[in-house]
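The first chain written gets the first letter, and so on, giving A, B, C and D; residue counts start at 1 in each chain.
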Amino acid sequence: MNEIFILTFSCQDRPGLVAAVAGLLFQQGGNILDAQQFTDQETKRFFMRVVFEMENTERLPHEVEILAKMHGMTWRLRPTAQKQRVLLLVSKYDHCLADLLYRTGIGELNMQVVGVVSNHPRDVLNHSISADIPFYYLPVTKDTKPQQEARIKQIVESSGAELVILARYMQILSDDLATYLTGRCINIHHSFLPGFKGAKPYHQAHERGVKIIGATAHYVTSDLDEGPIIVQDIEHISHSDTPDDLVRKGRNIESRVLARAVYYHLEERVLTNGNKTVVFLD
Amino acid sequence: MNEIFILTFSCQDRPGLVAAVAGLLFQQGGNILDAQQFTDQETKRFFMRVVFEMENTERLPHEVEILAKMHGMTWRLRPTAQKQRVLLLVSKYDHCLADLLYRTGIGELNMQVVGVVSNHPRDVLNHSISADIPFYYLPVTKDTKPQQEARIKQIVESSGAELVILARYMQILSDDLATYLTGRCINIHHSFLPGFKGAKPYHQAHERGVKIIGATAHYVTSDLDEGPIIVQDIEHISHSDTPDDLVRKGRNIESRVLARAVYYHLEERVLTNGNKTVVFLD
Amino acid sequence: MNEIFILTFSCQDRPGLVAAVAGLLFQQGGNILDAQQFTDQETKRFFMRVVFEMENTERLPHEVEILAKMHGMTWRLRPTAQKQRVLLLVSKYDHCLADLLYRTGIGELNMQVVGVVSNHPRDVLNHSISADIPFYYLPVTKDTKPQQEARIKQIVESSGAELVILARYMQILSDDLATYLTGRCINIHHSFLPGFKGAKPYHQAHERGVKIIGATAHYVTSDLDEGPIIVQDIEHISHSDTPDDLVRKGRNIESRVLARAVYYHLEERVLTNGNKTVVFLD
Amino acid sequence: MNEIFILTFSCQDRPGLVAAVAGLLFQQGGNILDAQQFTDQETKRFFMRVVFEMENTERLPHEVEILAKMHGMTWRLRPTAQKQRVLLLVSKYDHCLADLLYRTGIGELNMQVVGVVSNHPRDVLNHSISADIPFYYLPVTKDTKPQQEARIKQIVESSGAELVILARYMQILSDDLATYLTGRCINIHHSFLPGFKGAKPYHQAHERGVKIIGATAHYVTSDLDEGPIIVQDIEHISHSDTPDDLVRKGRNIESRVLARAVYYHLEERVLTNGNKTVVFLD
């Protein structure tokens, strides 16, 4: 029976890349179901995502490896049947968490939640997390931050988490942890970055009198609120919206934007390009 | 110096199509700048759009022809340097016309307007059409419709128009003219079809009390308001909007939707798929 | 201490209505916090929503009654401190249910869920409903529909439900039940009505090749999919979206649109105007 | 015959304001067609917009004056029949100018264009400005800026302009001119402020890799890009958009946002509230 794979790669642009990849897959008996590509005209870097089905995949990784070496490709190959292992971090506001868990439960997000970490105890959350998901209550103070983050690293390692999601986790990661998680950690910031960086963006928005609020899902880097942006969206607001109204309206945007970014990430639709992303939309 | 071409084609899906096309272009010295593809899983029809640059293009059409025959492809090859010749039809409301002419003037739309046809005299229009665009005043009544439409056909032929745009042309085309223009005529309908077909859609919308209005750009077929949809968009409205308000708010949507559809068509981003379209977005 | 009230009313338009209402509230010691009004210029019917705070409210209902009689007003007066009692009906797809329960739990929706009715057993649902909410499993066949609906009526009566929400309840209500619930029952339909009425709207949308899908929250009437529309919203889709993709993308719109309609209803922002609604937005 | 008026005012909040205004208009024989109000809960300032029709308006300004004095109101009373006199400033990019002139021509914007000022000669513009609108070519250099701005002031004075619109006028106004025009000058900035202040916002947006671009219409103050925001809107973009694509997509947003802000201003829907605005939407 046929398996479906997603191959993503990037390398310096040169003529013949599409022909080379399409040729290889054809020779191996594959059938391309979807393919998207992009060349960054400034850096001349080439990005591609290919979805294909194939019966006998024994030789595939080896052949891709050879091609990748020839063209200096950074690449990833993933069978769609394999769920990614994901660790969720949350503080008090758990609307994003509840939303991600529901979407996972109905099969919309192709992932397995290997744990939930919170700096608040379980009963502070509104959403009741199913008993079969390990819950880690890791309180944190300025003084205990190194130990708490060491514990998070341990959990990442022991759970085999491939992706960490900061689902309104309101602690600033240390440079060390941010670096450790680079490329595999998605955060949701409650503003349309680069507007309103830092703390209390809804209050900043109210103060400034803007007519839209937004949310930004981005990969975490050691540079706070400056990581590669994956998805952004907004809602219109009015003069009559209090900061509390913004918080309420913002919840919808945050949940939606984070879920979309996670969906794209799990579908291997996001490739980083320096401090930007290439997102091959469906 | 390199020329840039857009090749679009569709055919029955089979393994190796991407490899074949990419291989051909590589052999001819081409470099693929952008490529998008789609397979309709219901009909197993394959659609592709490839943008490439090439120096020596003498043999290109011949080689594409051979490949196309082999795979039963319907195809089109167009150098981007060549502007499409476009005929605009309009009645009294000329906001779409003014918008298209402005966008053409600043080079946003890669087209040459070869004429404007209206069933109203020139001075009924608000927009003053530049003197170097031929204007045809072709009034029409029930009785003179066959003659008027024959005249339109003549103008299409003599002007070499490749595309006809019904920019709020409020006459229903006869089956004969609609069939004649199939695949090369875009209409803007002022509702989110299939809601509110036929006449006075804003009044229908007001009557029904909907909370959104919209516009639909579609290819004209002999089946009124049923042709393949290219672009749709909407605006939110409220209980306090009168039919006049809807007309006012609707103008923005109509101009925007039509301009986008024309832009996509001119960029060879739209392929018809039965009564649907494949639109490769930028 | 001050209580906050919402007064809504409608009547035939005449000069002095705003002055009369504002005067009455001023005399009773009230302070208007928000007021919105609308006159339907076709029917000359006047609609108003006034939010005010007042300390001594003993005489208020009596005074409003007198004024209402004088002007032939249909009116409602509700203290914001009082939660509305709401009954939820659901079938297999429970994303709207999960969303409404979460929003209720965090206090966003000013309501108390007095029960959940489903024609499917509890364990078919993905969301685990909290044990303190009565769950009624009421299977239904063509033959048992009268009895099943009688049971629903009973539950409405016994639970004191003021509002019934069809949160993707996929059974068509009988004329009798629809009439019984008129004005106090909100349904979510998964299309931008009047496009794609009836069953399987996403499949209809796919078939037609539209570029947007939507959802419509409306009051239930005995005329299927024709009741007064409260909220509509849409998402853009593309040729590559399968019916399953539409179902996935549609879930977001359905949850969002229904939650907004319920929010507006609970805040007394929705007044019916024949087969339309007046919705005083926040 | 009845005239229609718009009365707007703001003052410190206190009980009875709505009753007082509604009472006054009723006594003078007026009929309220629309009324909207807002109280800023932080500053306790009250804002109101009332539209009414009245036959005999001789005593009206006097009576409003008395009321206004009593309550310390800042107020404005304007008959809707009277068009506002507007001066347009533009540089090279004239899409906003063309859009505003078209909307004025068809009667959508209730204004009279008393002149167009540009720092570029007329033939640099794409749009051909009708001969009956005075065109002022006022080139400017660092050295001649004071004189050029003095000339602009003169034109404002002599033309009786009530509103000045910076329709992509790419010169930074001096503090002196900005202060002179405070409250009666609208600018369009091509970003969703406060993101990307200053020059070349589309290039900044491309550099940062955001997924949305936007535009902001705001009143001009001496604090660059910091004036009260009237309207904002956005478009989604992707990794494949070059800065040129952003400029193209941005034109649509800029035209739309500026037109809407001007429309609201002309309809007296915008009241300033410190460095914010109250915008009573239609």
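Odds and ends about this structure:
Following the convention adopted for this analysis, a residue touches a chain if its C-beta (ideal position, glycine included) is under 8 Å from a C-beta of that chain, and two chains touch if they have at least 3 such contacts.
On a predicted model such as this, the values are computed, not experimentally measured, just so you know.
Counting every residue number used by either copy at the chain A-chain B contact, over half are found in both chains. Most remote chain with respect to chain D, judged by CA-atom centres, is A.
Each chain gets one centre point, the mean of its Cα atoms, and the points for chain A and chain B are 37 Å apart. Inter-chain spacing, taken between the CA centroids of chain B and chain C, is 41 Å. Across the assembly, chain A contributes residues 34, 38, 238, 240, 281 that each touch 2 or more other chains.
Residues 15-19, 22-23, 25-26, 29-39, 281 of chain C touch chain D in their complex.
Looking at the complex, you find that chain C touches chain B at residues 38, 40-41, 192-196, 208-212, 214, 228-234, 238-240, 242, 273, 275-279, 281. Those residues of chain A that touch chain C in the complex are listed here as 34, 95, 98, 102, 105-106, 108, 126-128, 130, 238, 240-241, 245, 248, 251-252, 256, 282.
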